[in-house]
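You will see two complexes here that share chain A, one where it goes with chain B and one where it goes with chain C.
For the complex of A and B:
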């Protein structure tokens, strides 16, 4: 195997696929990046068996072949190479890398051990404009469970509907529901690993482009430019999220509040140190009344804080305790200047939606449901 | 200030047997043993008198073995209420000298008597005489400058004696003793120490902290600190309560449990008491631990987290049973079960509600269980209980809860 490649192209490809290189040290071969040189194209591949990435770049291939080298090392090396042409040649188990008047020789791994990447057999299912894709992944991923106790909750439940994608996450304490348009037809639903979706969103930089989606039975392919990401699907039955969302008649009050003002107040309230005995979560008491939202936190032997925020309010006065982090997570990923908080009671779910024009709650592009904390005396 | 502390460790000699002799003077001087009931399969020697000890009766012996080594042995059933009463009377004597009286089980106490006019030895002698004169029981007392050596001293001369271990003599007195004499050096640790040729307490000192850290971890270093006489742990004041870390309840069954239904009943029964104790202490459990002993005394322990902290006997029992069902293979029938509520948190700690849990329903159930608890406290434990617990549970009748051994507040 022999080829010439530009450092910039190398870096672009390696930077993309290195995120799929396994860090778990289970199979040594998964710590490698595979490079296939064929028909003046180089394909870079990596997989941790959860996701697989492939990136194609142009090159001047003199002799076709395949090589696998340590991903982490190769990424660091490419970053440090001088700009310009780099020549690669594989002889036996050695890969020689030549640049300027210098050369490096490294040992490579056995390409036959590298797992084959899933092949795309289905037709393209549709495409999602990148700004929409980035928004729904960012807004949904916050409520996914970070532990693996119940794998389904660590994923994003994704419904590909007629011209609309719905993403739902929950860690049993809160639930995020996001909607966005796509060019595609209704298909089955999937639970996709949150981490992989975040990686794809990270690669999707060009706001003018779209993410091309190909749905297969046990995996989903996402193509962004010359990068393809294949993700495993989490198996399991996702709970019916529609059952969880309160029906219109259950809401007893609602307010409109400035998002940034609320974020700042919550951040200050959450700063009071907590201890293990009383629980580490940052409990903040929220009291809604006419024209005023009062936030307070009281940690015995430490201190207390009270903030008042003007709001426009209708309905019954409510006093609830919330974990400040759960409220902040949602407020921080929203875009609108004001948000609407709708409440069903003191110890029952509250929801946060953007303050924008839409007919009914079901049409909101983003709905965040959060349960209060129960405080007993 | 640490080096001139004066700490006594007072140990009531043959406590259960002594109380029995107090109550029935005819037993004095005879070979007496307090034993569990053979019928309930608790048939082992719990305590013995001085003469039974001389005849070779050991604590933990099965009743018939004890009869074999000492044919004229008089065996008596335990009377825990009496023991508790006398334990308190002895403690009242100690409290005349200091309020820093830390009990260790029913028959042992540490006393911090630092800073007094009289010496530790004089005080110990006075206490020894007072206990004998007022209650007719004997104590052996260790006098030293830390709790560990005081405890060790009380074991050296028995009965009715005082041993002083001070800065001038502890090297000769303590260091030649086997490591097993040291508090916290359990059977496993002693065995492991022996394999490294660490036989005496002095050997631990010589081995040094690095060696102990390497082979025994943090607790090893602690042993080294104890061995060289640098223990600084305090004698807790009389009203000190060690924070509750777990609440458990276990039972050895009258006959072996043979199937899941029998196990479920016992687990549910044990959980009733745990729920009650959690409620009394204002605690919620975030986990459950189940220990299972089969009829060959093989021992297994399982544990699981509970998502929403609870004090409900039913929830605890269900989790414990789930652990049992998903782990136990029924190769052998079961002799003993222990359910333990673990990862305890205060009831008043704010708790995140869950989307998939119905709070209204939970509150109704809590209210119901609270009511059941109130009914029981007024009309007795058996005034209201789950119907499945009617009939034979293979559990010993009238089990008296053993006074749980409270470990001193050092570790």
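For the complex of A and C:
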């Protein structure tokens, strides 16, 4: 195998696939990046068996062939290479890399051991404009469970409907529901690994383009430009999230509040250390009354804080304790200037939705369900 | 329709043998039932003899109230008892026996002879029973009290006989039982003769310490402290200092109203009392006597009466915890075990005067370990009693014997005349005042050296700081409000029926911990809220393990956040190899004074060791004092 390649192209490809390189796996081959040189194209591949990535770049291929090289090392090396042309040649188990007047020779891994990437057999199912894709992934991933105790909750429950994608996440404490348009037909639902979805959103930079989706039985293919990401699907039955969302008739109060103002107040209130072991447990009391939302935290022997935020408010006065983190997570990923908080009572569920125009609650592009904390004095 | 009836009433002989099987499982049961009867008869002396090599004959004699011939005949009938009259009496039970099953049960599976004389009567009577069939009582000459001889146990139930283990094993069980009996009744003089050897003997002096000394020797006794508690429940007994511990809970002995019982509930309470005082998987030795109003317990759980149920385990727990903690807090710092000081087996901790532990004096330089042997020479008891009077004014601890021991390392191990001074001095709160210790400096960047007039102390700086932080954190955690996160997606838990009932029972306790649980159909419960400190989604596992604990011990696990506390205290504490300024050390010592248990780190390792002046003298071979 022999080829010439530009450093910029190399860096682009390696940077894309290095995130799929496995860091902790029993199979040493998964620590590698596979480079396939064929017909003046280089394909870079990496996989941790949960997701697989492939990136195609142009190159001057003199002799076709395949090599697997330690991913972490190769990424660091490419970052440090001088700009310009880089020449690669594989002889036996050695890969020689030549640039300027210098050369490096490294040992490489056996390409036959590298797992084959799943083949796309189905037709393209549809495409999602990148801004929408990035928004729904960002807004949903915050509520996914970060541990693997129940694998289904670590994923994003994704419904590909007629012209609309719905993503739902919950770690049992709160629930996020996002909606966005796509060009595609209704298909089955998937639970997709949150981490993989975040990686795809990270790769989807060009706001003009779309993420092209191909749905298969046990995996989903996402293509962004010359990068393809294949993700495994989490098996399991996702609970019926609609049951836990309060119905319209249960809401007793609602307020419109400036998002940034609320974020800052919550951040300050959550600073008071409250939990003896962890330093802080973020409990903040919120009291809604006419035109005023009062945030307060009172920790004996430490101190107290009270902030008042002007709001527009309708309905019954409510007082509830919340974990500030859960409120902040949602507020930080929303993008409207104001948000609407709708409440069902003291100590009962409430929702946060963007303050934007939509017909019914079901049409809101984002709904975040949050439950209060019960504090026993 | 001429069908033969299938259901028939068992003939009395078979019925009795089956019933006997429940009560009389092995020779141990015979000894237990007969000794309990003897205790109930008000005896002051009970002798158990098992002559010969195997267990062919068991003889239990007492000097109690005896029986007249008519009662003897009545006693061997089923459900005949002098101890209760009606079911209501069960609630007020103060005797060990009550079911009226023991004698007939034993009689049904052996050849039994009862000889009894009511004190003051002219003559005794003897009654022979074989396989449950009583003969006519014969007049005979015998001392006051009752003697029951059981021979050829299980001669008519060969199946049962087959399941007995070796004679040595059975003898071991009997010996253990007699130990417990002796401990539970220090006022009765017990003896156990196996073959031609007296293997156990107590003097009935009504001093628990005497009994323990006779049974286990002075090494053990010197590491036990007295528990005495008179509020709510009457609790007394002995518990071991943290230095003395075992790898199992085998030495947890509980006596409720004089009855030796096994109780996981009580064991869990003892575990909690020693929490952070002992290393992981180490357990103390305890002999605890609880006086509980008979209506507050139910012993009629199992025919062997080894189990007991409490009506109000919470009060028992609170009281027992306070009692043990109060006793442990009074102790002094025990000196370290300084390797091989003298001859064989001399490495015992030295207790300093003034502590609440028992102090043992030795007149002779010989032996310190032999008392644990089972053979106790007859004169010992007499000497002991004598010395009790003689020593009432002598100092509590005498270092001379130790010095002699060093000088004569070959000292034999047999032939002791240990004496016991029951140090009943009112417990001066002798807990060490850390802030009054003079600072010498830091050793190896890890240990603090301090001294006072009693000797030299070394303190592990990390362990000390860890203990301080742990107690502070714990106090704060306990003061915190309980906060529950309500769940957006309630978790369903499928339980077994037993788990479910237990959960329903403890639903309020769980609420106090922050678990909000709701019943949901058959054996399903809904977890609606979890304590705020529980890691995401692991809450249901935690709840399940709580239920398991509850099934086991009858209480909710008191150490829920303990791991976290340990970790946190450990991380924040000063490490080894960290330079401390003198002001840091003084501050650390002052803080230790505020600790409840300033002697061990939260993991149960010692935090301070003391080397007394007398030990230092001894090591320099200066015996003169």
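In this section, the second predicted complex is superposed on the first by the 371 of 377 C-alpha atoms of A that agree within 3 Å, B and C clash if a C-alpha of one lies under 4 Å from a C-alpha of the other, contacts with A are read in each partner's own complex, and residues count from 1 in each chain.
Here is the rule we go by: a contact is a pair of C-beta atoms (placed from the backbone, for glycine too) under 8 Å apart; a residue touches a chain by one contact, two chains touch by 3 or more.
These numbers were taken from a predicted model, which means no experiment stands behind them.
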| item | value |
| --- | --- |
| Chain C versus chain B on the shared chain A, clash or fit after superposition | clash |
| Which of chain B and chain C A:194 touches, first, second, both or neither | neither |
| Which superposed partner A:219 touches (first chain B, second chain C, both, neither) | neither |
| Touching partner for A:347 - first (chain B), second (chain C), both, neither | both |
| Larger contact residue set on chain A - chain B or chain C | C |
| First (chain B), second (chain C), both or neither touched by A:170 | both |
| First (chain B), second (chain C), both or neither touched by A:376 | both |
| Where chain A meets both chain C and chain B, residue numbers | 170, 172-175, 239, 244, 277-278, 281, 283, 321, 323, 347, 349, 369, 371-377 |
| Of all residues in chain B, those that touch chain A in their complex | 307, 345-356, 359 |
| Complex contact set, residues of chain A against chain B | 170, 172-175, 239, 244, 277-279, 281, 283, 321, 323, 347-349, 369, 371-377 |
| Chain C to chain A touching residues, read off their complex | 473, 476-477, 479-491, 511-512, 514, 516, 529, 532-533, 535-538, 541, 561, 564-565, 568 |
| Footprint of chain C on chain A - complex, ascending | 145-147, 149-150, 153, 170-175, 239, 241, 244, 274-278, 281, 283, 300, 321, 323, 347, 349, 369-377 |
